[in-house]
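Listed after this line are the structures, all set down as structure tokens.
Both complexes below contain chain A, partnered by chain B and then by chain C.
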Partner chain A sequence: MKIAVCVKHAVDENELKVDPAGNPQFAGAASKMSTFDKNAVEEALRLKSAHSGDVTVLTVGTADAKKTMKEALAMGADKGVLVTADPMSINTGRTAELLAAAVRKAGPFDVVLCSEGSSDIYSGLVPPMVGEMLGLPYVGYAKKIEVAGQSAKVERSLEDSVEVVEAPLPLVVSVVSEINEPRYPTLIQIMQAGKKPMEEIAPDALLPESKPPSPLFVGMKAQAMARKKVVFEGPPEETAKKLVDALGSEGVLPR
Partner chain B sequence: MSIKVWAFSEVPEVANEVASAADALSKAAGGTYTVIGVNGSGPRLAGEAKLVLKGSDALSGSPELTAEALSRAAKEANPDLILVGSTRNGKEIAARLAVKLGRSCASDLFGLAVSDGALRGKRNAFAGKLIGEVSTPLPCVATVKVGAYPTLAPSAAAATMKEVGDLPSKSHLVERREKPRGTVDLKGAKLIVSAGRGVKKKEDLALVSELAAELGGAVGCSRPLSSDMGWLPEEHHIGLTGVSVHPDLYLAVGISGQLQHVAGIKDSKIIAAVNNDKSAPIFEASDYGVVGDLYAVLPAMMKEVRSRRH
Partner chain C sequence: MRTIKSLPKSARTKAPVLAIYSAEHRRLMGIFHPSRHEEYEELLSSLGAFMEKEILPLSPKIDAGEAKIEGPRKALFEQGMCQIPFPQEYGGLGLPFTVYSNAVELLGTADASIALSVEIHNAVAEGLNRFASEEQKRKYLPSLLTGKALASFTLTEPASGSDAGTMATTAVRKGGEYSINGSKMFITNAGDAELYMVFAKTPVGPSCFLVRAGTPGLSFGGDLKKMGMKGSRTSEVVFSDCRVPEENLVGEEGKGADYAKEVLHGARIIVAALNVGIAQIAYDKSLAYARSRRAFGKPISEFQLTREKIADMKTGISAGRLLYFYASSVKESGVDFSSEASQAKVFATEMSLKVCDAAIQIYGGYGYTSDELHRHWRDARLLTIGEGTSEVLRLLIARREMARSQ
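Entry: the complex of A and B
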């Protein structure tokens, strides 16, 4: 089975610093593989071990994205494809176009996996766009994937319901984090990851852009957290009383 | 510029929120809006202009078929802006539709406005740490954050019906089952007591559920409890990838307050927290906090709440 998994290298939302004026400090900020993409890589590896085959990891990112690529390779992916563009300076549609073109070039694949959304922007648009652009069946928000022969049975987790959808291979699937527990690479795997093949492609060589790049965001500011931040410390009976009193005066306790 | 807006959601109640966004936008920018439905949803929709796309039973509930039906209708009517409710299926519909129409797309927007030929809006980013200003040139497709706009009441206006014809499908639905709702619907709950990793054993969740019951509230949890431990069904998971809630009181018990969790509780009126770690980030996101052992503080709160009621 030929498996593709699309990942994103993202600024770590927990480490991102904001200056006193509320401006995010992206320069030099810590970055990582987008949280839920690890579940997509894990699912790709599980499909590989169940059906044999290989896993190609694809990303649109800057040179820094090689770190994420290496992590996926260390987890067990076989090769990487990096399209060298900064996702923050192009829009969602262009990112999806580049991923779809890279999947086409590196393919054909039986299964293309993504996570439901990236941990930085979490738009949730790229996976269905890639499916639509490739003209393949697309099933989103998978919490279980079973492949038998030339068909896949996918359990989708929606807000109020669970659906079981069947589609023929090849197909594109996005996964939710409940689907699995991502593995940690061993030290040996981390050391060997650097030897695995990684291809770099310039975006214009893949798919020339006719329009000027139009980033989605025109600005970003820290979200004002206008909370009172009153903290009570002391013996439990006292602090519990203070808290209940405070909530009572706010009028948020039932009378 | 007079703009033509479409408002759609596969969930009629959400469609009426999107309708209110479209209403505000078309009033401010000058223009008209049409609320779009599928099959039998017409009477449940708001707005004076309604268009209902008629197709097979499979059309209702299939994001793939819905996107194709919307695309066919949009190619004829050519709306400048198509707004879709930002549910999981809604995002898929919007993304597919944007590709079919060759338009750009943005998701989870609120605070919408149209200026200089572009749709402007805000959206959360970096798990809610930042708020981003978005601009997408018209014509475009955008999804509207659920809960960001008030709901318009259904109108008596008759809908224009439109046959969409045969729709090709690349996948098929085998089964659909409703998720268990629990005792209270978290999205509509006025009071939520939520448990996190500070709860040491599954049995100890009783402390949290008893306090919730005493307060007439619902029980929620952070991701590890539903996803890693499996102590509560996924439907209780509050956060970025779970349910977003907006109760009057959100009480976080033993929850450290990772950004992904806080992203789902931001719209609560009052947030309170009990945690034994004074440096836990949840206190930065709370109105009131108690630093202490939940195993001592919760029983004391229970006693306090009971004594006030009698």
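Entry: the complex of A and C
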């Protein structure tokens, strides 16, 4: 089975600082493999282990993204493809277009895996766009993937339910973090990852410069969460009831 | 429709996480290994993330006796923790000692008793790597470095510690065997280990032997009740006509005391690193507590006397870290590092106790009553004693420096 995984070298959300006006400080922030992409890589490795084959990791990123590629290779991926463009300076449509072109060039693949969204912007747009551009079926928010023969049975984790779908291979799947527990590469795997093949492709060599129609990322602001600091006074029998009523009216108790 | 509520928890919360591999470690590695620091940082960062997730959360349970260290220690071995400083031909990674000592600091932060167990295990591997025959290295090192076998270092006796030369355990050669008799005290990994490095007197002086678990005549006392380091097993090891073949002698007869000294010099750097790790977590906790605990209408971190403690704790940790990085780098350079190792150990172990004590003071009554905080002091308390007492090491430092200055 030939498996592709699309990953992103993203700002580390745990170390992202926010200025007093609520603007995230992306410049100079520490970056790493987007959190949920590790689940996509892990799932690719599990599929490889179950069905044999190989795993190719693809990303659109700057030279710094090599760190993320190396991490995926250390986890067990076989080769990497880096399309050298800064995803923060091109639109989402162009990122998807470049990834789709890179997948086409490195393929054909049976399964193309992505995560549900990047841990920095979390638009969740790239996976369905890649599916559309490749002309492949797309299944989003997978919490379980079973491949048998030329089709895949996928459990989709939705807000209030789990939907089970079957789709023919090849297909594009985005995974949610509950699908698996990503492995930690061992030290020796990290040391040997640098020896695995990593191809760098200039974007223009894949596709002429374009600006496909796409939602435009304008910016984001941190949301301040003010505490309500409600205090109930009185005997416990009364305050407990008041507390339950208040929680109920906030909609945080199951009905 | 998928709403923002269904985002994975990690995407929704921005609570700061404890990053045990920090920017300070990165900067120091950049100074001590400027040409390859990025490569080493990648390894340590991955190892630190593994420890944060798999070991740190277990640490309070290990202290409370509710979790065993075997599982996480095995997982750590599989990650390659013990392979770091050893040659690749024996299954090691061939990396600088500084990378290993830094890794032990991270482990000291995650769980001190696992760090102690690993430190002792690797001291045996260091002894084999330095003094064993080629055949012995090929026989034992690969399984030790990958953690397939656990090792234990047996030097201290019920009536001899720092004065190891007065040891009472003997090894008598009979035919093609040595018969070992005597007992060793306060032995880490005793009972759990598959391989024991044993120091016993022969007619020409102390010698070093390897005894495998299950050898007739090898037995163990009960587990010793300790104030800290609860996860690692510690007990007496008894040898009663315990016979090992001649080929289990390490190096030359009569050189055992020299070998033990050499191994302990390296181990002292590691103990220093371990204590910096303990101090770091006590500091991190007390800093967070000082910010949240209020007195007289404001956080206690606003008071000058709390700030004095924070400043002194942080300065001590930084100094201890620099000392063990420096001692590691002197060891790597191949020259005598006994004084630097001892300086790092004396300073870091005493600093760690002071930091843990200050942390308890900042926590007040909660510090005295909470295992979650005072366990760090209890763990740290061992190490001004083990692997060379502060008193003996001060003598060593003075003797060495006076000789150097002549």
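Everything below uses one rule, namely that the second predicted complex is superposed on the first by the 201 of 255 C-alpha atoms of A that agree within 3 Å, B and C clash if a C-alpha of one lies under 4 Å from a C-alpha of the other, contacts with A are read in each partner's own complex, and residues count from 1 in each chain.
Simple rule for what comes next: contacts are C-beta pairs under 8 Å (C-beta built on N, C-alpha and C of every residue); 3 or more make two chains touch, one makes a residue touch a chain.
In this text, all values refer to a predicted model and were calculated from it rather than measured experimentally.
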### Message
Looking at A:S119, would you say it contacts chain B, chain C, both, or neither? Reply first, second, both or neither.
### Response
both
Task = Kindly classify A:N14 by the partners it touches after superposition: chain B alone (first), chain C alone (second), both, or neither?
result = both
- prompt: Where does A:M191 make contact in the superposed view: on chain B (first), on chain C (second), on both, or on neither?
  reply: second
Chosen between chain B and chain C, the partner touching more chain A residues is B
In the superposed arrangement, does A:K70 touch chain B (first), chain C (second), both or neither?
second
In the overlaid three-chain picture, which partner chain does A:Y141 touch, first (chain B) or second (chain C), both, or neither? both
After superposition on the shared chain, which partner residues are touched by A:F109: those of chain B (first), chain C (second), both, or neither? neither
Touching partner for A:S161 - first (chain B), second (chain C), both, neither:
first
> Of the two partner chains, chain B (first) and chain C (second), which one does A:P254 touch, if any: first, second, both, or neither?
Replying inline: first
Shared chain A footprint, chain B vs chain C, residue numbers 13-14, 16, 35-36, 119, 122, 141, 157-159, 176-178
Chain C partner, complex, touching residues on chain A are 13-16, 35-36, 67, 70-71, 74, 119, 122, 141, 157-159, 176-178, 184-188, 190-191
Residue positions on chain B within touch of chain A in the complex are 63-64, 67, 87-89, 91-92, 94-96, 98-100, 104-108, 124-137, 170-179, 181, 191, 215-216, 223, 226-228, 234, 240-241, 243, 248-249, 258-260, 266, 269-272, 274, 278, 283-293, 296-297, 299-301, 303-305, 308
The chain C residues in contact with chain A across the complex are 1-3, 5-8, 10-11, 14, 16-17, 19, 39, 42-43, 46-47, 49-50, 53-54, 78-81, 83-84, 93
Chain A contacts chain B in the complex at 11, 13-14, 16, 18, 24, 35-36, 91-93, 96, 116-117, 119-129, 131-133, 136-141, 153, 157-168, 171, 176-178, 181, 214, 216-223, 225, 227-234, 236-237, 239-244, 246-248, 250-254
